[in-house]
Amino acid sequence: MSSVCIQVINPNTSRAMTETIGAAARAAAAPGTEIVAVCPTEGVPSIEGHFDEAIAAVGVLEQIKAGRQQGVSGHVIACFGDPGLLAARELAQGPVVGIAEAAMHMATLVATRFSIVTTLPRTLIIARHLLHQYGFYHHCAGLHAIDLPVLALEDGSGRAQEQVRQRCIQALKEDGCGAIVLGCGGMATLAQELTRELHVPVIDGVSAAVKMVESLVALGLSTSKQGDLAFPEAKNLGGRFQSFN
Amino acid sequence: MSSVCIQVINPNTSRAMTETIGAAARAAAAPGTEIVAVCPTEGVPSIEGHFDEAIAAVGVLEQIKAGRQQGVSGHVIACFGDPGLLAARELAQGPVVGIAEAAMHMATLVATRFSIVTTLPRTLIIARHLLHQYGFYHHCAGLHAIDLPVLALEDGSGRAQEQVRQRCIQALKEDGCGAIVLGCGGMATLAQELTRELHVPVIDGVSAAVKMVESLVALGLSTSKQGDLAFPEAKNLGGRFQSFN
Amino acid sequence: MSSVCIQVINPNTSRAMTETIGAAARAAAAPGTEIVAVCPTEGVPSIEGHFDEAIAAVGVLEQIKAGRQQGVSGHVIACFGDPGLLAARELAQGPVVGIAEAAMHMATLVATRFSIVTTLPRTLIIARHLLHQYGFYHHCAGLHAIDLPVLALEDGSGRAQEQVRQRCIQALKEDGCGAIVLGCGGMATLAQELTRELHVPVIDGVSAAVKMVESLVALGLSTSKQGDLAFPEAKNLGGRFQSFN
Amino acid sequence: MSSVCIQVINPNTSRAMTETIGAAARAAAAPGTEIVAVCPTEGVPSIEGHFDEAIAAVGVLEQIKAGRQQGVSGHVIACFGDPGLLAARELAQGPVVGIAEAAMHMATLVATRFSIVTTLPRTLIIARHLLHQYGFYHHCAGLHAIDLPVLALEDGSGRAQEQVRQRCIQALKEDGCGAIVLGCGGMATLAQELTRELHVPVIDGVSAAVKMVESLVALGLSTSKQGDLAFPEAKNLGGRFQSFN
Amino acid sequence: MSSVCIQVINPNTSRAMTETIGAAARAAAAPGTEIVAVCPTEGVPSIEGHFDEAIAAVGVLEQIKAGRQQGVSGHVIACFGDPGLLAARELAQGPVVGIAEAAMHMATLVATRFSIVTTLPRTLIIARHLLHQYGFYHHCAGLHAIDLPVLALEDGSGRAQEQVRQRCIQALKEDGCGAIVLGCGGMATLAQELTRELHVPVIDGVSAAVKMVESLVALGLSTSKQGDLAFPEAKNLGGRFQSFN
Amino acid sequence: MSSVCIQVINPNTSRAMTETIGAAARAAAAPGTEIVAVCPTEGVPSIEGHFDEAIAAVGVLEQIKAGRQQGVSGHVIACFGDPGLLAARELAQGPVVGIAEAAMHMATLVATRFSIVTTLPRTLIIARHLLHQYGFYHHCAGLHAIDLPVLALEDGSGRAQEQVRQRCIQALKEDGCGAIVLGCGGMATLAQELTRELHVPVIDGVSAAVKMVESLVALGLSTSKQGDLAFPEAKNLGGRFQSFN
């Protein structure tokens, strides 16, 4: 394992999306950083609601545990709802960063207010809750959904991508925002192109999270193991959760 | 099945606590209400952090699905962190109420500010986040932990119960609160006794949630199936999550 | 007096509306619950602003006192501004619930965000202030007024009712909400019909508050008499307020 | 009537306190300002809770109406809970300012954070709610009560005054505040003396509100009569409220 | 120097605007109040962003120091962003009030919610931040910009003034507000005329701030010199900042 | 100039502190990153209040302009109040990050709540305001000051450093926090040692900000030049501000 190794966890089971995300992570990583892109072996093929998130969280946590055993330096949770984030922090030794979190943080550094463009309308409530939880509610100028499912981003037609682009243009016009946050790991490849075309920062969480983890690792900062993010109390988990024992 | 049947889900796998919770639910239920107290077959024996919650959520959701198939009228999630609440609402046909939620709501109806007494300090952050999410942050006068694990409430010694009592007395003295919310499903049996002794409402979430679900059922109000709590998108879940298909 | 008796106070002096409200309360009440619907003998015929509320509060409080002397189990304040709520809690022995409060609480249990449909635009500020006070500001997706006075709901033409219906439809379309809260006691009869037609929970506060009071009574929870909701300090009230001595 | 005439309404029926308040108002008034200090003929002798406020509000509103008919330039509501403030604004033609409001506003102009010292602990919740309503919650460093009733300020012993003084000293030491707001109209005479002794602004709401009303009058700014503070809808009020017709 | 002397500081270097502002201040001042209208000798000719504010703050602070040495009673910072306000409070002996602050405070006394009409869209973020800082975010119904630079108000054409008027009308229609706050010192002369025409309070911060300072001076209240607004620590400032030594 | 060059601006004029900060920045920088540590030639020797910040901001902005002309990749403002941050963003082409901002952001990634330890008590209000502005108010568990001036950190005695250490220990014990943010650029060298000793993340903003800027540069994200952070409007600045023309 190289000196810095970041485990990028796609919480859904889509291999194609895991590759998209892995590629985006690698493109963002520093020369000395190895990216290990993984996804759960069992779970949901895409994440578009709270139920999907709850199922996905288990797979995320298993990957976190596996990554920790492999000695990775840190972890990225590469779904815009950051499923299982605080649980993952309990389980991890190294830092864990979610892509919604990373993108929102970065956005506040380059604009006074940002807008979010995501996939299905039903996921907007998740973004809304995260804005409150992370403290960025008043930094958000608007929330937009293209009304296409996550996997439409992987169908090769480019239709979803074009709708994302249109929504970004509309958000810039209507919201008075200075930056756009892309609300799905599957949009990772769009960020740079849209940044160039629209002349504002268009932020992808995957690459943002990779840089955040690299930064924390470089600074010797890891998840606090005092207090409420300490390792979980040792318990005997039964059945299909045995792997956590 | 009787005309109203409420499924009370203890999210941990402790049989003893499931019985405690079931008894508290039955004691609170209206004459016409049947209580079905269940717990996951696999999961964590007690819930004391985000990781425990994430694991428990899967079992909660399976029970929700089973309960819905059995035609229950509504569901209670009987752990003070309300694990899996929004996911459960997506999966359920009937109303779903968490015990933290129910207790906090009730507390705001009988006092201007309430304090919370819970088990381990590391769970305080969960209560804190729920206060923000539910809108009751400014209604909370103080958060207290007795620094004993959840299962100490089931060890028969009464030591944990006595510490809860002491903390309630201290909270009333120091916080200027008018009511106490008990922060654990395992404390359900303490509420009435403490209410009498301390001359303030001491609120147990299990009984509160049962009444909330009964109320919603009686009013013909169920989880909104328009928008972000609609049934999950149909997906093919693999492996150990097959039961959700 | 039956084992559970709930006093439902219409804060305005409209007999017709008191009957509407009483009927809605009775329809929602459990078999063992007696509903006593009352209104002040002196006051305002409808409540459409802060002045109306201030006048109405006196009548509400007199009814609270009378109800307490009659030994009622609890009280409902059946005007959407919840006039005199905290004062009533001081004066009451049993629990007191406002219909705005009850409807908003219930709405958060069945949807992530709700919209409010009320009568005159000038009452919107009252709803807005209550959202802040109760903690539900961020759970509200939109506030709407039909621009007809309260008593238009009692004119028999059904015009106001139709406008409420239209506004609910519009709110669902524009606000991204999952439930509707009806913002007037006089709309109580509309809730069930609209719930059926619009396929989302449409919530009437009168029936919601009756269930809340029943729940609190069943749980043995009453207004906290320690601290800031204790009975008012004994004082000698003069003139027309003598009845409070 | 002189060119500027401010009606200062003591919402309780204490003549002694009305004189104290009137004197404080006169001491603060500009040369050209006439002060008319009034109190309700019927109501509560002191205001120490929500019930007292609700009763007092009626008397306040009658005085507002009378003052408007006499052509006063503006009104002050001289009780720290600002009872009936928004209702008074509906009824008034000129500006209406509450003393809690005025004192809090002024405090934010001379210090980054202020503390409040008031009478009975049970009134703290009223101050707390006003802080939220007016927007100054984060400007308040602490809330303190001397645990003596309002009228102890009028018993001539000076004991209550001494306790206020001690609490101010304590607040400055513990809260890190830069100013003190006195939380009772009956403390009006203490402000200047304590300002001198403690070397920080100690703010009395009565004098602050007089200056606020003078300012609004001088600027030609009066209560907005468009929207939610418009005159109340014309209604037929019965019985003891006939005077409002 | 007269008994009350208020230094009104136009933070930009425009002589014409300083005169406009001075005239507005004089028109608002009480008979016994002398107005000294000043502007920095060096700085920015208009203030339309954070950079402009940062530069202007130095000139404001020099004027504050000069004013204090001349023994003025208090200071007004007459630019809607209130540049250098807290720094000025540290440096001043007397009270310091910003015009945004004053106008917003006044607006909350005469309406439940107000809207703001300002010049360039890029200054809206400054108003937005002030709303948060002062606590009035929830009292603001809308923020509007006419998209003309500040100095367009001084070009004699009346075009900017007409656009302000149009925007006020639009804001009243769309926002449901009860008052308008004019968001630029250069709009001072418009307030009275628009108040008359639009029949709602249209508030100019310059005159509002003059009355606020007069009020504080009359009450003997000055900037708290205990704690975080104490005079700056004595330091040796070099070069062009020597005048502050 | 190397491929990535970060200008680290110490806003005060202390050469010793500039060196301390520069060393901390270099220690944190990636191999390919050049650090240029600068400070204003004129200004304040230390920053302990709003006045100091206002003066320092001018020097910061001159350095930003100079840095931009030299083609630096990005800028760090290395004083815990982040003086001039938004103005700097207007002036800069590349990203600008403040050290308070960077440290607070990082802290939320490794702990649920953090405490701040800073120098003089009078600077606490600045940290408090930043917590609100950045959205982290509810992530902060406590604010502490050692009551020694900034330059005590440079007196070679180690006394200030020891007091920082003691306060960190106290904060961990009393606040229930999981991480500590060091509230002064001059504390940069303490972070790693304290992280090791106290077994929680102790975060220095200088190194955190360097990593943030490196991250933004690597991602091709720069300050948004659309909207309110666009370059300042071209204006003719006179006298000592000529250098900005």
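Letters A, B, C, D, E and F mark the chains as written, and numbering starts fresh at 1 in each.
Quick note on the criterion: contacts are C-beta pairs under 8 Å (C-beta built on N, C-alpha and C of every residue); 3 or more make two chains touch, one makes a residue touch a chain.
The chain lineup, named per UniProt: A, B, C, D, E, F = Hydantoin racemase.
All figures in this text were calculated on a predicted structure; none of them were measured in a lab.
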item: Chain separated most widely from chain F (Hydantoin racemase), comparing mean CA positions; value: C
item: Angle of rotation relating chain C (Hydantoin racemase) to chain E (Hydantoin racemase) [CA atoms, steps of 5 degrees]; value: 120
item: Approximate Å spacing (C-alpha centroids) for the pair chain C (Hydantoin racemase), chain F (Hydantoin racemase); value: 52
item: Chain centre separation (chain B (Hydantoin racemase), chain F (Hydantoin racemase); CA means) in Å; value: 44
item: Chain E (Hydantoin racemase)-chain F (Hydantoin racemase) separation of Cα centroids, rounded to whole Å; value: 30
item: Interface hub residues of chain C (Hydantoin racemase), defined as touching at least two other chains; value: 86, 89, 112, 121, 124-125, 132, 137-138, 176, 227-228
item: Pairs of chains, among all present, that meet the touch criterion; value: A-B, A-C, A-E, A-F, B-C, B-D, B-F, C-D, C-E, D-E, D-F, E-F
item: Residue ranges of chain A (Hydantoin racemase) in contact with chain C (Hydantoin racemase) within the complex; value: 121, 124-125, 132, 137
item: Chain D (Hydantoin racemase) partner contacts - residues on chain C (Hydantoin racemase) that touch it in the complex; value: 13, 41-46, 48-55, 57-58, 61, 84, 86-87, 89-91, 121-125, 129, 132-133, 149, 227-228, 230, 232-233, 235-241, 244
item: Residues of chain E (Hydantoin racemase) touching chain D (Hydantoin racemase) in the complex; value: 28, 30, 86, 89, 95, 97, 101, 105-106, 108-112, 134-139, 172, 176-179, 192, 195, 199-201, 203, 207-208, 211-212, 214-216, 218-229
item: Chain E (Hydantoin racemase)-touching residues of chain A (Hydantoin racemase), taken from the complex the two chains share; value: 112-113, 138, 176
